[in-house]
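Some structures are shown below for you to check.
Shared between the two complexes below is chain A, which pairs with chain B and chain C, respectively.
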Partner chain A sequence: MAQVSAQQDDASHEMGMHTEQLSGRTQQVFFNLDEEGGFAYPDSFEVDFNKRAELDASNMGPKEVNAGIRELMKEGNGTIVLKNPGAKHSIGVGILNKLNLIIEGSLGYFGCGLVDGPNIRISGRVGWSCAENMMAGSVVIEKNAGSTFGAALRGGDLVCKGSVGSRTGIDMKGGNIIVGGDTGAFSGFMMQRGRMVVCGNAGKNLGDSMYDGTIYIGGKIADLGVDAVPGELTDLDKQWLTRKLKMYEILPEKGVDHFTKIVAGKQLWNYDNLEPTEKKLIL
Partner chain B sequence: MANDNDVDKFIKGDGLDSEREKTIGQHIGYRYDVNLLPDYERLTPFLKNYLEFMGWDDLNWLEDIHMGYEDGRPAVFDRNINGWVGIPTDVELPDNQQDRDMMARELLIKFQMSPKHPMVQLNKAYRKF
Partner chain C sequence: MCGIAGLIHRDGASGIGQEMTSMLQALKHRGPDSTGFAIYGDAADGEYVLRFKVAEQEDLASGFKIHDQIKQRRAEVDDRLKSLGVDVSLAEDATEYAYRYKIKFAGDLKKLSDFVEDVEGAEILSIGNGLELIKDLGDATVVSDQYALGGFKGTHGIGHTRMATESDVDIRSAHPYWAYPYNDIAVVHNGQITNYWIMRRQLERQGQRFVSNCDSELLAVYTANNLEKGATLEDSLKQSIEEIDGVFTYLVATEDSLGMAKDTMAAKPMVLFESDSLVALASEEVAIRSIIPQEIDTWDPYDEEVRVWHR
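And now, the complex of A and B:
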């Protein structure tokens, strides 16, 4: 392992990664507006949604399952059905590809984390931190989910048709978390961006210390956390909510007019101190 | 300073509104409506094809992408490099924020998926498996 690290370290030095190689160079050379294609990451697998394969996880460990999914994508399968996942942890993680992944059963902790692009359907339940750090795509869970659902979510749609535990969407930085049932305490804690929709009730300290983003609650709110304040539900909000909830077949019969919108009071804003440190790239 | 409702506010003016911006002499790029919802009637042909390719029913993560203005120039934030990517100067900007956001989404996808994106080099250097 140490040898691999040393080789990587050498490679990164040879490639100039440690010498600010971007300084003094314009990014315009990297970028051509008329460039054709470009719908997938350069090193992703070419898969066809109509090519389907099955994987039985009964006698496999999480590493083998994830390697198996990768191997099937390598063979061009765009639809993969995972059978008997057995609530194993860390299944379906790190998929940076377009893919339809159908999981027949339940997942343990950290299922479908760090994904960027796939559409995943899970027929059972999921444990803690499902889809944490998800970048893009969709994950739809038919039953209930554990705590820290969608922790640090960055993009995409994370949907649970049942109820979820506490600290849902903790530190989320984008994307949408949609819950058909109820959510527990401290949901939206330190939320920075994105949207959370809960059709049922919300537990204590909703949106505690949220910096930005929007929370929509269809039921009762036990109480609001620090710096979480009610906002005005606009027609645009209603249109968006209706479209999204219809898309995942959980639009309440009475519509969305009764939803409460919660936003940040912005008393905790501290972006100003962070911004000057951001690296700027000029085209 | 330019009008608050002017779509070119941060291009015409210096964008230095808050005390902090004046102190550091730099416009803070996040100071626009990050929660602005997209108008789906303004999808570009490229974006329509992209959504079909990915098998998505809507813009998905791209709903959070907007055209920002950095140092008086239009730009889009690329989370994969944690930096602003300037819009090429020869590109004519639409006269409304919705169309500009669609343009930003298209440019960002083209940039991220390009084999010349900086992440490709980083991937080669650091990937573990």
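And now, the complex of A and C:
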């Protein structure tokens, strides 16, 4: 991990930000900082979106499916259609490069977790913990999703056009979770950054113990959790909501003026409110 | 972690034995220790199916005498049934230690149950007009083959794959639990009940009895106790969310219905598929897809959700 310069350190202190140096295994170097063009993961692949392949998962286990996707990416295929996923678990995980992955069907638990960069479209439903720890890219689900949708999300857009289960966005650290229908209890629990948009209703304890981040609810809120408080819905919020919801074709007919904005009361925790990317610009 | 599944056909009987076997086999990874089925066939007027065992599977490894002891215990049960005036029209060996009887009995089922279970090693798995409860060690295919469930026709059923966390790996601690002594009521549960001992003591003081130390049995006894007091199945399910602490999703089946309840934290999974002809529930969609291969619309019931379906 790169060291923070004295100048950066001063600037961050002036802004009230933290600059603690992490210790232990989080200091492991994942990238070659000298490499031109920056940061390519090991096991990520150069792909061509115009090169297309299909994979039938009917008679394959999750490991075989993921290995099959990897093999196709290795061959340079940038558009992969996965057929008959059959609600199997842990499909489409650990994809660390750009890719158009079109999944024709439903996924089980832990689908599309730990991805960084792909655009994934799922025509069916997903089970618990979809896109857990997603870093970048997009995952769009046409039907419903299970609980802990987007747990610990770091970045990218995670979209469910139907309804999702409980604890949506638990511990999310960035990115956007967008839900066309309802969400269950404890959504946004211990949320740290990012934005969650729910066009329908939200269950009890919404935003409980949230450190930071923003939640927008279009329907009724059963009740707010500890330290979750209403915020002012600004024009910028409305513009952003309209753009995002229109992009994913789930903008409500009556627009977004009726949305309720929920933010952290910051009585439990004391954090600055910059996104990591914004913080990087200043540092 | 355990796996639970339920299924109810709204348009008549189907191959419920094979269907439940497929669903539970798909959930094997959630619980490899034991598998249980509560399946509902056609009810015969005035006739019960009695499922009982007189030993645990692991008892068979305890010595040569056990085989004679099993015969003696079964003979003792037969004598006791006879002394109570029970008319046994069919007596089948499901295994060496578990049996399926068709009986006619007009008396008190609690008295019958207590009298039979007074025999050493004897445990009634179920008494029902339609209900047949089978549970044993092993995965769904093993248990289904062992008890010849593949050809069982019926309208609905619930099942369980168990990962033992709170009590022993034996048939006594396996699910489903029969809601003793009520015919045709069975329960499967995924989760942990944290006020188990408080609730158990309360129910025991009211005259209910427990056969295991498995927290899931509480839900069966609790349901039986509520129904005894006149509550409907839906009332009992709703009441349980208020009174039972812990994390749980559980299914209850009766002679003509299937119910579910999810705790206030929604911490245990349940996926639901509902159509005009069929309702299927399972801890994971992959179980439902094992009997419905095509793409379907499913969703997760929310916290504190209670549902009851009728066949």
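Here, the second predicted complex is superposed on the first by the 226 of 283 C-alpha atoms of A that agree within 3 Å, B and C clash if a C-alpha of one lies under 4 Å from a C-alpha of the other, contacts with A are read in each partner's own complex, and residues count from 1 in each chain.
As a convention for this text, a contact is a pair of C-beta atoms (placed from the backbone, for glycine too) under 8 Å apart; a residue touches a chain by one contact, two chains touch by 3 or more.
Only a predicted model underlies this, so the values are computations on that prediction, with no experimental measurement involved.
A.B. asks: Which partner does A:154 reach: the first (chain B), the second (chain C), both, or neither?
C.D. replies: first
A.B. asks: Touching A:207 in the superposition: chain B (first), chain C (second), both, neither?
C.D. replies: Neither partner.
A.B. asks: Of the two partners chain B and chain C, indicate the one touching more residues belonging to chain A.
C.D. replies: Larger number of chain A residues touched: B.
A.B. asks: Tell me the contact category for A:165 with respect to chain B and chain C: first, second, both or neither.
C.D. replies: Second partner only, chain C.
A.B. asks: Please work out whether A:247 is in contact with chain B alone, chain C alone, both, or neither, and reply first, second, both or neither.
C.D. replies: first
A.B. asks: Touching A:137 in the superposition: chain B (first), chain C (second), both, neither?
C.D. replies: first
A.B. asks: Quick one: classify A:92 as touching chain B (first), chain C (second), both or neither.
C.D. replies: After superposition on chain A, A:92 lies in contact with neither partner.
A.B. asks: Can you list the residues on chain A that touch chain B in the complex?
C.D. replies: Contacts found on chain A: 4, 8, 11-12, 15, 17, 22, 27-33, 35, 37-43, 49, 98, 100, 117, 119, 135-138, 154-157, 174-176, 193-195, 212-214, 236-237, 239-240, 243-244, 247, 271-273, 275-276, 278-283.
A.B. asks: Touching residues of chain C toward chain A in the complex: what are they?
C.D. replies: That would be residues 264-266, 269, 271, 284-286, 288-289, 293, 295-300, 302-303 of chain C.
A.B. asks: Which of the residues in chain B come into contact with chain A in the complex?
C.D. replies: Residues 18, 20-21, 24, 26, 28-30, 34-35, 37, 49-50, 53-58, 60-61, 63-64, 70-71, 73, 78-79, 81-89, 91, 107, 109-118, 120-126, 128 of chain B touch chain A in their complex.
A.B. asks: For the complex, give me every residue of chain A touching chain C.
C.D. replies: Residues in contact with chain C: 86-89, 105-106, 108-109, 123-125, 127-128, 143-144, 146-147, 162-163, 165-167, 184-186, 203-204.
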